[in-house]
Amino acid sequence: MSSSDTATLLIHCPDQPGLVHAVTGFIFAHQGNILDLEQHIDPPENLFFMRVEWAVENFTLAKDDIAAAFAPLGEKYRMGWTLHFSSERKRVALFVSKESHCLYDLLSRHEAGELPVEIPVVVSNHEHLRPAAERFGIPFHCFPMSPATKAVQERAQIDLLREHAVDTVVLARYMQILSEDLIREFPNQILNIHHSFLPAFVGAKPYHQAYERGVKIIGATSHYVTAALDEGPIIHQDVMRVTHEDSVADLVRLGKDLEKTVLSKALWWHVRDKVLVYHNKTVVFS
Amino acid sequence: MSSSDTATLLIHCPDQPGLVHAVTGFIFAHQGNILDLEQHIDPPENLFFMRVEWAVENFTLAKDDIAAAFAPLGEKYRMGWTLHFSSERKRVALFVSKESHCLYDLLSRHEAGELPVEIPVVVSNHEHLRPAAERFGIPFHCFPMSPATKAVQERAQIDLLREHAVDTVVLARYMQILSEDLIREFPNQILNIHHSFLPAFVGAKPYHQAYERGVKIIGATSHYVTAALDEGPIIHQDVMRVTHEDSVADLVRLGKDLEKTVLSKALWWHVRDKVLVYHNKTVVFS
Amino acid sequence: MSSSDTATLLIHCPDQPGLVHAVTGFIFAHQGNILDLEQHIDPPENLFFMRVEWAVENFTLAKDDIAAAFAPLGEKYRMGWTLHFSSERKRVALFVSKESHCLYDLLSRHEAGELPVEIPVVVSNHEHLRPAAERFGIPFHCFPMSPATKAVQERAQIDLLREHAVDTVVLARYMQILSEDLIREFPNQILNIHHSFLPAFVGAKPYHQAYERGVKIIGATSHYVTAALDEGPIIHQDVMRVTHEDSVADLVRLGKDLEKTVLSKALWWHVRDKVLVYHNKTVVFS
Amino acid sequence: MSSSDTATLLIHCPDQPGLVHAVTGFIFAHQGNILDLEQHIDPPENLFFMRVEWAVENFTLAKDDIAAAFAPLGEKYRMGWTLHFSSERKRVALFVSKESHCLYDLLSRHEAGELPVEIPVVVSNHEHLRPAAERFGIPFHCFPMSPATKAVQERAQIDLLREHAVDTVVLARYMQILSEDLIREFPNQILNIHHSFLPAFVGAKPYHQAYERGVKIIGATSHYVTAALDEGPIIHQDVMRVTHEDSVADLVRLGKDLEKTVLSKALWWHVRDKVLVYHNKTVVFS
């Protein structure tokens, strides 16, 4: 991870010859030095995906002019594309309930400089983790939820997120199902951690389900949140081995390590603009 | 793995104090030297499980007398128990269709002395793998299947298995669903390899299902066959990481390594009498 | 993990018939209910190892009388043995330098009730992590080290540990080599985390060494500290895959996740009295 | 893996702006359709690495003319480069001794069409595995080795390999140290499988060394053979977990699965022209 500023283009479009040449030509024409380039072709869909990152230093286009300069190329090849700068850190809101492990994991990574993001706010439906957030100097907002208040509270949450200019929401073991309104406000920008290897054990109490089924591995999955519960595009998954010796309580305890590493890794890729979503899947340029 | 003969007791019963003491007392009373002892308690079910293996050499009971001598103890504690001798190798029939990887894997392990079993026969619904089996000197029997002939052919299969005194059936990528008759003949003695991490992707074409869902790991599961398709007690599972780069063909190719190692490992535990089944789960004293 | 009090015996001795029977007989004679029993035999060394845990409730011996009552049995079989009670939590001192990840990991697990220990004190050779420890309400003591002061400072550390009745020391990325005096005070009670899969890359800067060698996996190892640097008995190890894309800085960043999980898992086994040391190796009754 | 013919360029050179653009320009100018493109920059060394694969079909340059047409570009940027066609399968000689597992694994993959190579010959210093090779219809040549005959026999081996137009040698548990002459004949074209996670446990009997050290993981490493024993560039590594229960014989048995999968995976990357060697390391465009 270079400390100096970089520009990143994330591109997808119908595949055809000359795409890499055209994009690198744009960068080369303005004396950009490519630091990382990855492309992927999905032959069944005839789709082209690309991520290219170059140094802003010495680039002959001003940062504010790059998008306009690239637009004609994007149009010519019917590209969907986004432009990102490493110096413009994502602003991440952490949503939690009562479990502290993912929250502490992310806050301590952030404090150690491992996660290049801003964390302007921690949101919860309980007061429980207020001390944890405040210990790390992050404002904590509690929105108690009941069926009667949920719609109003979620509207207030959205307002809070907008006020803090949040662009990424991380559900760090937040035990509420988001309404479609909130999801629609942050398309492919809400990361969840589900404590199973999806698509196995969707819904509530996956460790109990795993114990009942007698599986020999447990897992965790981080995915973007969509309207279909636990069915959004998967970013990252991992598993660990368990045995007949492990009770449900053991699975819960052991699984926390998976949840922490899977969520933080997915977030790492997200904030470094490594993830492209299409057809309910992800391309992760890791 | 000692080369000399050992006796193994596999026991399950309601838990109560004194069980280990009682069983080890039986062995000690006849001057048996315990080589391996594992026990497991399932508190929610109040069940006790135990595997104990001891050297037959110097044991003061003749092998043929051990079962009768142990029976009163088993009755006293309401045990389900089985007695096994390492010198009495399991007789394993391999069932295959057209894919060769699991067959070659098991035959080459067997030839190298890695798998302490007899393999009297390979059974298939196609002629395709006859040369593979015969290369290793194993008789090959083909039972072509059609909806009309299935019942008759399975009856013939059962006869063949009985004729060869088979006690364990391994479905090494056998692409037929067994009838309940055949399953009933070999309770908890038929091992299958399913090419997904169950319970995800049951049924046909799990790699296609995995590709469609966009998972980041694929898996394989070995389980005992029961009447409910892909729902039998799981013996062993493993996974590997895949990416957006991997096509369905890649998943199929990569997954074969999982299928081979998961099936052979499950069989290893089965033939060494390490597996106990209860409540559609396994205790694997690995 | 049961919440009620349990007693655990850790035993090793020359192997002979009747050992399990004798030990379980002692427990059964006082109406103990065995919750967990594991034994291991090392045939090349003819050694017997055993861990047995039983419920203190209803045991007819008072806790204070168990050791004396068991002693004759221990003597008869020439056992080395130790007796532990789950209600008597280990008192763990955390030693750190400037890296916070292992410290936060252990403190947050402790706060969440995942680690059944007391943490009376955090010790460091730098002031750097004082706020981290104090945030969690743990006293922090700084012992700056120089070649001239090291002997005096270590003596003061030992006094502090004794004052806090510490029985376990965890070097959570403590970047000082302990003197033999301190090691001798806590035999097989000092856990270190080394950031490589030992025995590869002993000593300083293992990630740099790994990068230079071009390995495709990196690892972490938790071991008991002995006088020979990085050569103590290994408790736990884990690895992760890396590629040519990963710089030294990436290895350092990625490896932190391994260091955290490997150290916390090793500590978990240590504090639950699951680890026996012999011949510079460990038996981990996991 | 497409069945139609592809061309692949493997390139390394000093990094500078415009390299990707120049190479893709060459391909685009002749109407090539890029199927896969990966590049890697090593900033500390200021080196650029690239692999690009395109469809030969519709390319306006004849296959025989591509190298000459690309040469000026290579010269301009001081590139080291090689050109490969998927239709020109590598010719692989397998070297074995007495252990059959890697041999059977590779032969059965080859027969199943998993490995796109020719295997013209199996070479050994023992007669032991002749039946295994011949079962799969591969000629077997035995070169018994003694200190007195080694030089002559290796010369004969080289002649045999040349006669069979071999370009890749796989040491599939070949228990002889190759002379520098043979190594020099096949630079970065001899793959070895070493049964440890290098650099730990170089040399003889790594499983015995692992057992002695009491490690909790064992591994296998595939690397290119160089004059320095077990120190060549690493292509692939993997590990598995072991415990105090595992004897040396268990490690040997368990490790075979690692050896098979690590070696076959390394060979897969090698034959698909995915591996670049520099500074005793590999770039694996996997």
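For the reader, a short list of remarks on this structure follows.
Think of it as A, B, C and D in the order they're written, each chain with its own count starting at 1.
Assume a contact is a pair of C-beta atoms (placed from the backbone, for glycine too) under 8 Å apart; a residue touches a chain by one contact, two chains touch by 3 or more.
Small disclaimer: the values here were computed from a predicted structure and weren't measured.
Note on connectivity: the fewest chain-to-chain touch steps from chain A to chain C number 1. A centroid comparison over C-alpha atoms places C as the chain most distant from chain D.
By residue number, the contact pairs of B-D overlap by more than half with those of exactly one pair in A-C, B-C or A-B, and this pair is A-C. Of all residue numbers used at the contact between chain B and chain C, over half are used by both chains, marking a mostly same-residue interface. Computed from the mean C-alpha positions, the centre of chain C lies at a distance of 41 Å from the centre of chain D. Put simply, the C-alpha centre of chain A and that of chain D have 37 angstrom between them.
Multi-chain contact residues, meaning those touching two or more other chains, do not occur anywhere in chain D.
On chain C, the positions that touch chain B within their shared complex are 17-21, 24-25, 27-28, 31-39, 41, 241.
Taken together, the chain C residues at the contact with chain A in this complex read 1, 99-101, 104-105, 108-109, 111-112, 114, 135-136, 249-250, 253, 256-257, 261, 264.
By the touch criterion stated above, chain B contacts chain A in their complex at residues 40, 42-44, 197-201, 213-217, 219, 233-239, 243-245, 247, 279-284, 286.
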